[in-house]
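After this come two complexes, each holding chain A, first together with chain B and then together with chain C.
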Partner chain A sequence: MDITSDTHSQHISKQFNQELEELKTHLMTMGGQVEKQVQDAVTALLESDSRLGERVSDDDKAVNEMQLKIDDECTRILARRQPAASDLRLVLAVIRATSDLERIGDEASKIARNAVALSEAGNGPKGLVEVRHISEHVRKMVRDSLTAFARFDIDLALQVVHEDDAVDSEYTSAMRSLMTFMMEDPRSITSVLSVMWVLRALERVGDHANNLAEHVIYLVKGLDIRHIDPDELDEDALKGSS
Partner chain B sequence: MLMADASPTPATLHEIVRDIPSTDRCFEIEDLTIAYGDKTALSGLSLHVPRHRVTAFIGPSGCGKSTLLRAFNRLHDLNEDVARQGRIVLEGQEIHAPEVDVADLRRRVGMVFQTPNPFPMSIYENVAFGLRLQAALPKRRRDEVIEWALESAALWDEVKHRLHESALLLSGGQQQRLVIARTLAVQPEVVLLDEPASALDPISTLKIEELIRNLKSHLTLVLVTHNMQQAARVSDYTAFLEEGELIEYGATDTVFTNPRLARTENYITGRTD
Partner chain C sequence: MDITSDTHSQHISKQFNQELEELKTHLMTMGGQVEKQVQDAVTALLESDSRLGERVSDDDKAVNEMQLKIDDECTRILARRQPAASDLRLVLAVIRATSDLERIGDEASKIARNAVALSEAGNGPKGLVEVRHISEHVRKMVRDSLTAFARFDIDLALQVVHEDDAVDSEYTSAMRSLMTFMMEDPRSITSVLSVMWVLRALERVGDHANNLAEHVIYLVKGLDIRHIDPDELDEDALKGSS
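Right, the complex of A and B next:
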């Protein structure tokens, strides 16, 4: 059966309702923090703000701590409540989601480190247009996948899954342009390489957002679509009642 | 966004049997209705129990799961107020057919109850009891069968040096395994277990569960339990009953991770409707 965002607040045990509610809240707080990290890292790069870049790396510690805390809550629920059905799927989805969020945080730190390096090297690097474009795209994916998680929204999750292909092709074409820059001006190689690392990190953020959306589908429908090509998904079956 | 399935329909016979090919069915229940006086305990229930598997019946008190279990070896015959309609077929034969010998049916379909009920006699005599009723075996042969039954019930090592002591001196868990040995001694095809571990401590419970797992290599087991985790741990198939109807029946893996209907989900996860 499909579940909705209030499915987890209908247990006879009010305390269990509360535990699951808190778990979701903590995941959303971690998601918000990670979203901000990505945004700050990209801003630091685009605006050559090395101080902002350094702060992103510091924020990563807080995100890591959140991951440990949420994992701990999940362990406790598994041990004490032995959840089944949609409760079990919620706990599993949250464990998987925290792992993806933590990695998005790591990618944001990589972007921030490159932002600091580029800012210290001076002269604005090439490829920032591509960075801006792809970063907007993947940040929307992260935001949508978190919204889909909060609302148990399959339609939005599926939309994110399809976005990932678009990001991958934008990434490929951006890399091609950057190669051209390097060939045209060998003195730009160091800075363009840094931008390439940034693009690579953004592309990975998109992959993790895609994973988050897949966890939402698992949570709501009980279907694991992690290794299925998005084009081969039977969306009507997914959207219809199981 | 999507909402929960608004109009769940009880699983149809067709869906239930899809996974269990006709050659693998031990019991075939068709359109079974049982009433105690004017109170209907089961209404029009159909399901197939697969051979050499563990099938668990779960559901709230009064849902009809024990009534269903007791129908499998005609225990209701002992109660004159019980009215039955529908068919119960065991290995191709309707168990209510006139040529069926009820005593033989109950040998083939043994039963273990919630409270261990050893007879007030020795451990040996408890297991020998059914055997003596059944056939006159030479003592040597009888001793072999008793050892085999106690071995199968994972009790032999604990009692082999005290076979002639009273069975009432055994612990609750040992008594329950003794009762299982007594059931196994007459070589049944099916063992029905009605809350077999609910009066036992966790270690004894795990021993019974391990025993159930081992027995399914040559027996069909049907388990009624209020303990959801127990159903999840030991059974291959789970049937959820509510108010005398079969609500959902399927592979235990599916029922406990992604049940088809909201009523099942609510019951196994402890939610109110």
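Right, the complex of A and C next:
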């Protein structure tokens, strides 16, 4: 649609591309920050480091500000540049992605608060093996979904969508063991509940990473796969040339 | 910006207004459906009605489809109409609102699943008084935030934002009582945990209603109050003429 023969239009188009590149960069910075928050929150829990746990909550403010700033950038681009087709999809995907990243940050804060509470209670809680395992899994999902976003990588995005099912079943089985711990030793109820909240938060992080991956598929293919069962996806069609 | 002297532009502008009105109507329909889901899920729990509980999960598919349809409408309006100022804010607010409504629907499904599990377990669980109380509160928040959206009503939106704090403290105190029940009677752990998941889901419904109210404030005032502490809001400035 651009009249690129016109130098003025070329100039505008170059500026616009630069704005879109910056938008992606800012999203990746926010993503990196959120990844670090999840990692720090889990480390705080596993190493009983309440000071690290408290720092995660402070970091969450920075993430919230990033979201407002990026959303504002998106609104300005929509108003001034009136993007169409793939440019419009990029802006919409970024708006959705900041919302998921912000919620991952919230979940990291919840994990950190439980880490602080558990470290103050003092006794080494049950279920940390499960926490470590699931946290590694969902952190990989977050990392992969961000990489997929940066590279417009459909294959990697689809991989994340499938991993979410594995995390859900790991979560269900971990919750079942924790319930058994509780019944065997009712004095552990308070601390086991804290670990349960942590697992729930990690499972939510996985859900949001899954959403991020779905935004990548929307972005690249213009196809909205939210609410489609991963097993029913026609992956060959998705992976084919658009 | 519209050149309303031109009959053609007038025609387009009228069509565009109609599209925006339809968008709002569709959002309200989705909102009504989600409200009903929350109500049915809680009724299923309180009345041990597992068939009603199962129906809520089925209804969730309809809500998911509504979200995809409305988001699609929004994308088309952005691409074709290139809205600016308050029209752009309306479209962006609707995109954010469908996401919150869809998540409220998800929480309703979780409540319904726990209702089915509890009704199969058979024993009247503890904590139902708290569930009834908090559910009435958050359902009012959802209803009010939707009314505020329909009427562009800032006062009502601010009221919802403040109510969320009340719900959070009701939630904390209910969780504390439930933990006591568990410790006093470890045989009740499974059913009390189910009720805890229900309370957590209701608290999340309240959070999403709060988000909906924040979208109304963004829509009417162009001001993004996400991440501002409700106690620090300058309400007089918000309520004054924009």
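Here, the second predicted complex is superposed on the first by the 230 of 242 C-alpha atoms of A that agree within 3 Å, B and C clash if a C-alpha of one lies under 4 Å from a C-alpha of the other, contacts with A are read in each partner's own complex, and residues count from 1 in each chain.
Here is the rule we go by: a residue touches a chain if its C-beta (ideal position, glycine included) is under 8 Å from a C-beta of that chain, and two chains touch if they have at least 3 such contacts.
Bear in mind that the values here come from a model prediction, so they are computed numbers and not experimental data.
Once the two complexes are laid over each other on the shared chain, residue contacts for A:Asp71 go to chain C alone; chain B is not touched. Using the contact criterion defined above for the overlaid structures, shared-chain residue A:Ala166 touches neither chain B nor chain C, since it reaches no partner.
By the document's definition of touching, both partners, chain B and chain C, reach A:Ala84.
Looking at the shared chain after the overlay, A:Ile12 reaches chain B, while chain C stays out of its contact range. Looking at the shared chain after the overlay, A:Val129 reaches neither chain B nor chain C.
In the superposed pair of complexes, A:Val220 makes contact with chain B only, with no contact to chain C. With both structures placed on the common chain, the touch criterion links A:Asp155 to chain B but leaves chain C unconnected. Contact with neither chain B nor chain C is seen for A:Ala237 once the two complexes are overlaid on the shared chain. Within chain A, the residues touching chain B in one complex and chain C in the other are 82, 84-85, 88-89. In the complex of the two chains, the chain B residues touching chain A come out as 1-5, 8, 228-229, 232, 256-262, 264-266, 268-272. Contacts from chain C toward chain A in the complex involve residues 61, 64-65, 67-68, 71-72, 75, 78-79, 82, 84-85, 88-89, 92, 95-96, 99, 179, 182-183, 186, 189-190, 193, 200, 224, 226-227.
On chain A, the positions that touch chain B within their shared complex are 1-4, 7, 10-13, 16, 82-89, 151-156, 220-222, 239, 241-242.
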